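Down below are the structures I want you to see.
In what follows, chain A forms one complex with chain B and a second complex with chain C.
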Partner chain A sequence: MTEIIQKVKNLSIGFKSKKGEEILILRNISTNIKKGETVGIVGESGSGKSTLALAMMGYVKHGLYTIGGECEFNSSNLLKMKNRDLEKIRGRKIAMIPQNAGQALTPNLKIGYQIDEALKLHSDLKEEEREQKISELLNKVRLPSPETIALRYPHELSGGQQQRVAVAMALAGTPDLLLLDEPTTGLDVTTQAHVLELLNFIAKDTGTSMVYVSHDLGAIAQVSDRIIVMYSGEIVLEGPSRDILKKPIHPYTYGLLKSIPKLSLAGLPQSMPGSQPQPGTMQRGCSFFDRCDFSEEKCKSNSPQLEYLEELNTSVRCFNHKSLMNDSQVNQTVNKIKTSLQDKEILNISEVSISYAKQNLLDQVLNRISDDNPTVKDININIKKGETIALVGESGSGKSTILKSIAGLLRTKGGVIKFDQKRNLPSDLKERDPNDLRIIQLIFQNPDESLNPNHTVEEIIAQPLKLYFGLKGEELKKNIKELLQKVRLGEFYMSRYPRQLSGGEKQRVAVARAFAAKPDIILCDEVTSALDVSVQAAVLNLLQQLKEDFGTTYIFVSHDLAVVRAISDRVAVLYQGRLCEVGPSKDVYQFPSHPYTEVLLGAVLEPDPDIKPKLVAEDIVEEKPPQKGCSFQGRCSRILGDICKNEIPPWQITNSGNSIRCHIPLKELQKDQIN
Partner chain B sequence: MKLDNIYQEEKKSNFTKVSEIIITMASRPSGFIGLSILIFHVILAFISPYIAPYDFKAINPTLMLQAPSAEYWFGTDDLGRDVFTRTILGGRTALTITFFGSLIALLWGGLLGIFCGLVGGKTDDIVMRIVDAFLSIPWILAMLLIVSLLGTSTEVLIPALGFFYGKGIVRVARAATHDVIAKDFIVSARARGHSNFSIIWYEIIPNVRDAILVEGAMRWSWMLLGFSSLSFLGFGVSPPTPDWGLMISNARGLMSFAYWSVIAPIVGLSSLIIGINLTADAFAKALGIDRSTKAPV
Partner chain C sequence: MLFLIIKRILLGLITLFIVSLITFVGTEILPGDACTTYLERQAFGEQLEACYRRLGLNVPAYERYVSWAIGAIQGDFGYSLSGEMPIKEVLGPRIKNSLVLASAAIFIGIPIALILGIITALWRDKLPDVAISTVTIFAMTIPEFISATLLILIIAIWLEWLPGIVIVPTDVSFFELLPNIILPVIAIAMIMTAHMARMVRSSVIQVMASEYVQMAILKGVPYWKMVFTHVLPNALLPAINVVALTIAWLLGGVVVTEVVFNYPGLGRLVIESISNRDLPTVQALAIILASIYVSINLLADLMTLMLNPRLKTLQIRK
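Presenting the complex of A and B:
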């Protein structure tokens, strides 16, 4: 365990700005990776974690250059090595697993061929041995029937399977060090839990050292022995993973852990104010000074050094770590959400089904959609005024599809969407009158795409105001300023372009635009999943505040059960476009629950090394909902038999008003789940 | 807050934006050369009637095919007319007609392309098949037909050239629109219930404008070559108006013993085309568009 395989010494990497200033991305990084250990590098986007991981394999991104320091591997500095020598190390000694395996695999080559290629390059095996080795590797990453997988093309595999293939390719050269750059970020919760479990197994089995880069403390907690926390290009905290997660002695990590919503706690986590300083804007003093709750006068002018504390085996960059040490048990305080629930029903979705099937000529002429197994079917939800209802499920569960239909962007095949108990909303956008459109507004996942890059913030927010209320001139300006104030942005943001804003600021502008229409219902499509954790908490708090002020109803789509737990009053769980469970959120998160909800809840990763995910079902991906019977029959671990395959399960209602759609009687459902 | 951030820039007026783009263009050697040539030609087109040393249509049989001299800088042609005078005047018609021709091409091609990209579906299918059909007709034959039916007046040439060079822009504009159409800000505008016109004008055009402008600039240089070819064939400018295409056509038989009468218009024409091409490239680079990735249609 003591043998050091990678030594990073005083590494600084940066670029030259147009004005000729040297701007640092990594500032004086020193760390060691020991043999057989898994190190997690965690930080917000822009903290330099990926740059550090790439430097560990001797790669510096185009446009950046090494300003000082070295990355020593086998006592030679990778950053000074010639490309030819690096080729011998990369793949054989140090391998990399990219974030998006779907893009890293060549689309027109078969899986087996691609692994064979890696073996040819990185091992000395003969042809016959290689064939054997391919099966072995595919077996090792637990892909079912390696022989058939090897003959498939990347697009024939699911995201999780692709990521497993990437792991197999990286293992082809039996590397000493494995670098993983956000390897599970794009995957579904259940798949993510399975991949992490596989990585844990491989680390133990092969004794490979791993460097795991992620923004997700939950994932890091599951795999790493040691954690490095980065903030604006510096290491701020480094130490054993358990200590860091349980007793963080740096205010940034402390705040970060507090801002992550937890399954066990309803209510909104506290947010960290501000955002990470942009590279090049660092003044004197601690880089975390602006956002720190523990800062003192000296932090402003003196920057703290990384200090090694022997008793904790931890390095920390903070003057005040001692005061944090005494009471740093993360006591999460949450802002309880106020429910301003009224009895009035605002939106009634009944019997809605949506189909993506292509219409044939006859159907086109008759203007109908004929599809007996539509993507989304039998959706019945009543939404009360002032409620936050969350639609939860993995990708492909139809949650965004339902949202689009409510907004009128997608025609329904059947069913009725009724607003305010009286008006039926036409399924086609063109048939809705302006007021129908005004009452429902959307907030999108990725603010980079939802804001026109050529418009200023003022122009963006002005659009709904002009369209729905015909505001002009001074009155328009006054309204925009008020809205900006509501989302806590200053007036000077009006003349900015989206590219000049941070992710959180952009999402605030999108929120302001939605509220500009004075809507009754706001549809939030994964609104926080593109944001950093500390920013996510702030946006959630803002949404909650605005809801309390305006009495708006939210329909909240998310794959993140912890976020849903934090903000929603009621939860609807979807699988393959069919409802599995609907109920008040406190009951959905308690047993008895639908077997699929159980799988989802089990797979949630908490930033706590003691809470391991429970892997209940296989992470198979089904492409189409089954023709008949229960939608979850393909993956259910508690399937009863033919009844599940042939008959659509009935709704069962628990004492607390939670509806579960399953053939298994509630009492029996509960029995196994309590264990 | 952090107002003095290096990433911050305030909203600029259109004038500063344009002048910044021109400065960026001129800061590259190729852009500088292109811009200089283009500006030189444009200025020349404006002032040439006032600085021309001789009358461009004065025929003098005694001065036939004189070699360049201090008196006749570029020599004289087979009718004894001053080649220098005719060369500096020869770009005016071509430049004017093709400039307005490209504007028309840009306008109809760009708007139709954006419209097709936005509405999609059957309308898009039908329009694009018609455009494809037109693309397959050799434009020069079609032009010859139009010109012989309607004559060679400017009122015929500008819309005809504009039409034939706009077909390619339809495809570029449509492709550029497809890039933005899937973005959430368009979805958002649709969900709000904006009209198609407002979506095109307000959401799409600002995002595809640059790509279409660059394409239009390239079309201009191709149109110039096309227009000169028409003149060369005798269907463009009618004599005795000086025009490079026409001059090359008249003098090409005399190339072996009176090279000056053909070299001057060739240099004039090719330098203008190169100038426009270099400018368009520099323009694209200044806007951050990589033309090398787009196939010229």
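Presenting the complex of A and C:
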């Protein structure tokens, strides 16, 4: 048996509520981390996974305290250790890679200094040796020109680079155990795949044990040997990675896996009802009882214990795991999306370009925008009534920018946006009449910020109804109730404030508000990114249902390609504000033809240990689109030469109606798909 | 960077220009003028004419503004009506006295404020924080005329340790002034220190809760080293602007304290000139106090620019 490096025993952490009750964040957690293994801790927000990871370093956040149990490292309990002794373990024996490196690097200190600080604390190297070591570390995490990076401040690096610096900093003390708290969550798909590959390499190269905390089963699947699934502060399932992902024997994990959209499957995944109970609201019995498809009478009053199954080397907290064992192959069934596509085009975007360049005084006087290389350029998309079209691309691809321009929130530099083939929508919001504003509604990414915290749900939904239709009194109330019913929220939600709702419920209110205006087009800006996976599926299903009921057209922006696959009829791939490929989802996903589409789809992480991401291009961050030629020339692995650098590629149209903007002839682009 | 500095300086100059216009127009549209308000019932005939000629009020307003502005730039603010001498000479010693008072308060107040702020933040919700925070809130809420009067009552009248009010000629030397300013300095420093300490406290607490401080702890950085390298530089940056505002307030706004202690500074001059209807002096004071505010804020902005790496490198990214 391999050596155990960290032993968590009956750990409970919690806080005192205002009423003096003890509220548990972690409930009686026990697990072991062995030398050299990578353990994935997965759970949704509020499951206690980050608290657990921090406790493994002997760190408990301000306001929380240890109620019982211990975290044993080298046979001493970290949670009882003095700070002076902890300082010798943190960074040297156990190191942390934080979720958001941009926030976790001290803003006033140079990168080199911050790594040097760790070296000074945890090694006996002399100054010159340390300098060399810094370069070595930065090299190891594959950062270009380490010497110059070391002299920069954190804000001068891109998100992916910051994350790599955080990895280098953690490696500086050559720790035995690395704790990773959602290390790739804020990154682009391609960057995320590259960082994960780097972490895998480091784990193999140094033999370091890792604890990888994430809500993303796709990322967990790529790195872990063993997976711990957490639900409302408890371990509900723990076992070898492959078994858990392929044959989950706990209903929560089973439902979670089913609710994740897959690239290979069109259609909406099944959603899990309800949401995770808040800490302190736990009832007697199984905490998953309310949402469970397999529950029985005894689950309501008795809490199942974590049971170790020798033959599977798995621990599970469920009375019913045996029945799940028989048919738990995750055979994903999806709700096929019905397309109510009509031939009529509802929105024509032609030759649109948008610039973020600041106007100088002369331009302001002449009321013009001068920028020969605008952020977004040459956008031509015709959107049919009842269609769901998705704009995809990495951050900086201009997808949200285009959305803002359609909504009128951002002036275009040129081009025309025509509604219903009749009306040219003015680019300036002030020139749009109330009806222009009504026909296009927006749903934002983060309902916490898009809902006014001082308004009740009733007031929030009433606003568009009053504004556009002048409804009052009883009729207004009736309409609000109908809308709430449509988004599956009960009438009693009317008097609630946003803070009293869960993330999923808030987004439902935002959806209801958008539909209140009876719009023709709804712009969805990353509407599910802030939600937990199990809630995401429910919101996607709701959006689809409403679309079928009302015949609305969706313009859907997301960085999550699997979500886009699930909901959209057509996809437009953007790079650096230029279109690369537009076509039916089926074709774009099954036969990715544009080199950039291949890169994007290759980097998607699936919750399946057998599907590895394909890393085609480097994850360089480009600040600005190139002056001339193809927008993707800087990262393209199939670049032909000067023609790509100098000439804007032509549109090529395939038999299935897929338009691709590339210099490589169609035949060659398609030949690749067969291999 | 350079462009930014030039822009700030230009903006400051524009502010001053607007202030000068407002004070000039303000005194212009008031009924009567400097001579009639000053001469009161004698404001007629030969005497009024003489006054007009002496102040140059017999030319159109815009010409007067231009000649006044040109003079002001060169430090010549005209003639004080009540002091019967050039305003420049009235102002000189007053500015010096105010500077002495302000710098004494600053040198005592700022270090104490920083130390108290940091202590309260680091021992948040513990005994040192509760004790100091209670005292600072008291010091902040008691109006200065009450605290100043109490100081006079206790230290000057009951204990007879220090003079209660300042009875010295305006142009007294620095060392003769020193024992006289102890009480006014305490009165001013109390409020100022309390304000700043609370501001530093909240700023340090905010930084202590940041992810990069948590990261530094998890990196194994010893506590006090972390406080000095990771916390304080980031926490004190926003405090610079508050300190600047406090200094500006000290130089011109401590009217009440100066009056209570009979201190011959700028603040008391404001009151005196207003009650003497000495409009040229009021004008001069307005522009001088405005310049102090503008230049100290400019200095604070520049310091923030220098210290903040984000602004220093000024990389433009979306």
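As a convention for this text, the second predicted complex is superposed on the first by the 670 of 675 C-alpha atoms of A that agree within 3 Å, B and C clash if a C-alpha of one lies under 4 Å from a C-alpha of the other, contacts with A are read in each partner's own complex, and residues count from 1 in each chain.
Everything below uses one rule, namely that contacts are C-beta pairs under 8 Å (C-beta built on N, C-alpha and C of every residue); 3 or more make two chains touch, one makes a residue touch a chain.
Remember, predicted model here, so these are calculated numbers, not experimental data.
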Identify the partner contact of A:Ala517: answer first if only chain B is touched, second if only chain C is, both if each is, neither if none is.
first
In the overlaid three-chain picture, which partner chain does A:Glu87 touch, first (chain B) or second (chain C), both, or neither?
second
Looking at A:Leu429, would you say it contacts chain B, chain C, both, or neither? Reply first, second, both or neither.
first
Please work out whether A:Met96 is in contact with chain B alone, chain C alone, both, or neither, and reply first, second, both or neither.
second
Tell me the contact category for A:Pro464 with respect to chain B and chain C: first, second, both or neither.
first
Once the shared chain is lined up, is A:Leu451 touching chain B (first), chain C (second), both, or neither of them?
first
State whether A:Val416 touches chain B only (first), chain C only (second), both chains, or neither.
neither
First (chain B), second (chain C), both or neither: which does A:Leu151 touch?
neither
Which residues, counting only chain A, touch chain C once they are in their complex?
54, 57, 59, 61-62, 83-84, 86-92, 95-96, 98-100, 103-109, 117-118, 121-122, 153, 155-156, 166, 169, 173, 356, 396, 623
State the interface residues of chain C toward chain A in the complex, per the touch definition above.
209-223, 229-230, 233-234, 237, 307-310, 313, 315, 317-318
Mind pulling up the chain A residues that touch chain B in the complex?
17, 19, 277-278, 280-281, 407-409, 429, 432, 434, 437-438, 440-442, 444-446, 449-456, 463-464, 467-468, 490, 492, 495-497, 500, 513, 517
Using the touch definition from the top, list the residues of chain B that touch chain A in their complex.
1-3, 5-11, 183-185, 187-194, 202-203, 206-207
